[in-house]
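Below you'll find a set of structures to go through.
Look at the two complexes coming up: chain A is in both, with chain B in one and chain C in the other.
== the complex of A and B ==
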């Protein structure tokens, strides 16, 4: 009986550019050079050509892309968080406090909130570092909800009103380019980091933590470092948005900031970081276009999440990457 | 004052137990994530409300229909979503959480908030215990909670189906080799858990209004109780609900209702630091948490 199966083979150009790196035409050089250059060109040019309103959309797209990347990074260490809002909220509130109560200028608040926010996130999650999988997810889901409650209950840091009237960015060009460049830096650093030795150890912890332990590596220290890196990125987003809106309040811990990054990363493709960017650039403008439906947005994200997890678990970026690097053909299989 | 705290703490503990038993049946005992649990709880409440007010059915048939509807939905959730990603725990969590979020936020979008969304009590009236008034609904809660805990204990220890539930959590391949169809059992377990969520909803919700945020609270409380009690243990769930229930009540009387939910988080964190497998938990002690 004859059956057919699909065979995937690397394109010749992929093999030449990957292993032996013998490129012999402009076409091949472009094949290698264009994809990594696309996000750079896109993010640097988009602010120049977009109208003001869509610049704001670009800002929130980049913020969600960053959050998605920090989620993706945690996942590549085996820690699945359902509460990226924690990082975001802590960064936001730190920037707000520094601005309101200490009176720091904006170029102090954002870096300080980023680093201190990373430290605080690490300390908050330190007790649950021993947990894996579902348990870590549960705890991270609970903590931002609790933060919201605590702020509501105690009324400190402005309580339900939040802190408003904070310093905005000096002008909109600085505003949009800060986040665009931060996104690019994060994208390429993360992509580089996970292929370095350091990143390989982190991925080892995800795949088999006991093997890494028996290799004489303190996995909790490594996990804490990963948490710090991810927390810094999340806190940066929070601090940045605080200054964009000149306001920080309880919405900083809202479910939106947890679910949208996860949705972006999963729609785009987990483990690639570029996928997070692709996902955010699909979902956030989409939601902006559907602004009229208001609260239904979260429903749509959630459904996107479910549909992609079930139907296309590899994500869009992996799919595009495969088409770009491989060709497929049907071959006969002899039984 | 102490008497009030004691009695209402008891009721609060039973409420927690009612909520957690359903979650525990799916997640704790069979090891299948159902993070849409809170959403099913709220969904059942709204279903009863819609059946009674829009279709003007009597109370009892509405409850039965809502129970069936939620269980079927649970089975569908398993068949359409969970079945395809069984074994990838993280995907299970994210997918079920996504479904739950979609349900909850859909209700919020449709405007199901307000004081008119209440369910009727089973029987009206109240009795005195010592010097404390306690209404009939709370007595119903206590009664049903105790019966349910006992039934569930016997179900998971002395019936074939219940033992199969525990079997697939302990070792799915061994369960398969003993002739347990793990996919079918897992589906039934999700359906049962959803049904119990609906049951808890119709018993508990008459105390107040149905609100979307209740869904998140229910999920958090259920998780807290299951983690503290230890996965896979019905006595653990009961003990943990009493610990957390009284702790919540005491916090409530001392420092106000806002702090009530924080007790759950503190309980989760404490138990995970001190004894990660929970008070009574045995299974997966090493595999899941190192």
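== the complex of A and C ==
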């Protein structure tokens, strides 16, 4: 019996555009330029054409995409977190506190909550930086749950009522473009960062932390920096949403904000950041679209998730990237 | 840099190890080991499998903290320091199992030591063009300049090149003391012939080297001094030829009659 295998060959344009950039036709230039430009075009145009309700969906899609990127970044440094909700909740509450008790305007609360939130997240997780893999994951899972209970039990920061009546955005255009632009900035910054020397050192910690240490690099300091970057992105999302809803409460620490970003990143493709965006753009609108069908919504949603993961375990983005850059054909195997 | 000790007139050792001990559970991996290492010396560490050689390296470089004993480098006690602090002093090591960052091109593997604060401060506060430095370093350890090996994914490199890459990482850190854990193991004669001159050159530059080796013939050609470990005990310390004459060493290697 003849055996066959799939052969993959890089497209000529890909090989050339990787190395020397001698592109000599519009077709080739478009081949290289279009994919990186797609998210920019998409995210800037979508708010103009979507109806109001779907604009709100776009907002939460972008928020989950950002959270997914911040999760993906931590993973690329070898820290698997199950607690993006911690970053989200801290950012949300900080913005709420600054608004309610200090009376800061919105353009102060969000940046301050982002940076201070990043610092707080780093400090909170500092004692567990030495833990790896599932141990780190466990701790990050527990802390947001703990925060929720602390607020409930002490009645601190509005307790179960939360803080309501906060300042909203001046208008819905600013609201939607702030998050759209933030998503784009995060996407391209992260994609750039992981190919810089700094990013390579961070990824080195994931692959072989002993080798990095023997290179004279303080891996705990590097990990803390990565946590800060990831924490800032998460805290920004929280602060932003606080002002969108003009409310912050215990749900800011809910599991949704931990699990859905991870699902997005995994469905989209881990390690690419673009995958996080693709994943969020599939899962969040899907969940909204299923809202009409009632009780079985979660079941159908979960089934879709399983189908994606079983059919494309590498992630949608990796799959599309491969199809875009390589030919595939079946060839006979020589015995 | 060597300091003169006025009392005895001897040079102060670069590295001195005193009464170092470490047990893992019931296994005494290293027991009361002590030796001095002068600047510019090439010390061989030999011993049968499981005699505690790698543990000794891990103790010196901080990857394992000792139960008791002292390690001093240039007169400074470094026992119990974190590995990266020790590396910053200029003590570099290779690992027995070379685990490169497989997806990266070979020269990008050197980015990590080149990124360390030690290299920046030695270069006067600036990192410079790390990629260019990395390529030069690889050429120094025998990656051919114009060939594509430098750019190949480290995971696909042949064994000989991986060992050279490990050595290049030590050079990248601009280390003064280089600890090579079984650098020669698994190398063909031709590969050895390529890597031996690199080590000769390092000695010529005045680097101090500790080599853990099983390939005694090659080691004895270049080592100034050899210490022998057996079941964690240091059983001999001296010139290569003298050491091999000792009864304990013969027994450790050949078994007692």
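By our rule, the second predicted complex is superposed on the first by the 313 of 335 C-alpha atoms of A that agree within 3 Å, B and C clash if a C-alpha of one lies under 4 Å from a C-alpha of the other, contacts with A are read in each partner's own complex, and residues count from 1 in each chain.
Going forward, a residue touches a chain if its C-beta (ideal position, glycine included) is under 8 Å from a C-beta of that chain, and two chains touch if they have at least 3 such contacts.
Quantities reported herein were computed from a predicted structural model and do not represent experimental measurements.
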item	value
Touched partner set for A:218, first chain B, second chain C, both or neither	second
Touching partner for A:139 - first (chain B), second (chain C), both, neither	first
First (chain B), second (chain C), both or neither touched by A:210	both
Which superposed partner A:282 touches (first chain B, second chain C, both, neither)	neither
Touched partner set for A:197, first chain B, second chain C, both or neither	second
Chain B versus chain C, judged by how many residues of chain A each one touches	B
Overlap of the chain B and chain C footprints on chain A, listed as residue numbers	210
Residues on chain A engaged by chain B in the complex (per definition of touch)	75, 80, 82, 127-128, 130-135, 137-139, 141-143, 145-146, 149-150, 152-154, 209-210, 255, 259, 262-263, 266, 293-296, 298-299, 302-303, 305-306, 309-310, 313
Chain A residues within the chain C interface of the complex	197-198, 200-201, 203-204, 207-208, 210-219
Interfacial residue positions of chain C with respect to chain A in the complex	61, 63, 82-85, 87-88, 92-93, 95, 99, 101-102, 104, 108, 111-119, 130, 169, 172-173
Chain A partner contacts - residues on chain B that touch it in the complex	33, 80-81, 84-85, 89-91, 93-95, 97-99, 101-102, 105-106, 108-109, 216, 220, 223-224, 227, 256, 258-259, 261-262, 264-265, 268-269, 272-273, 276, 288-290
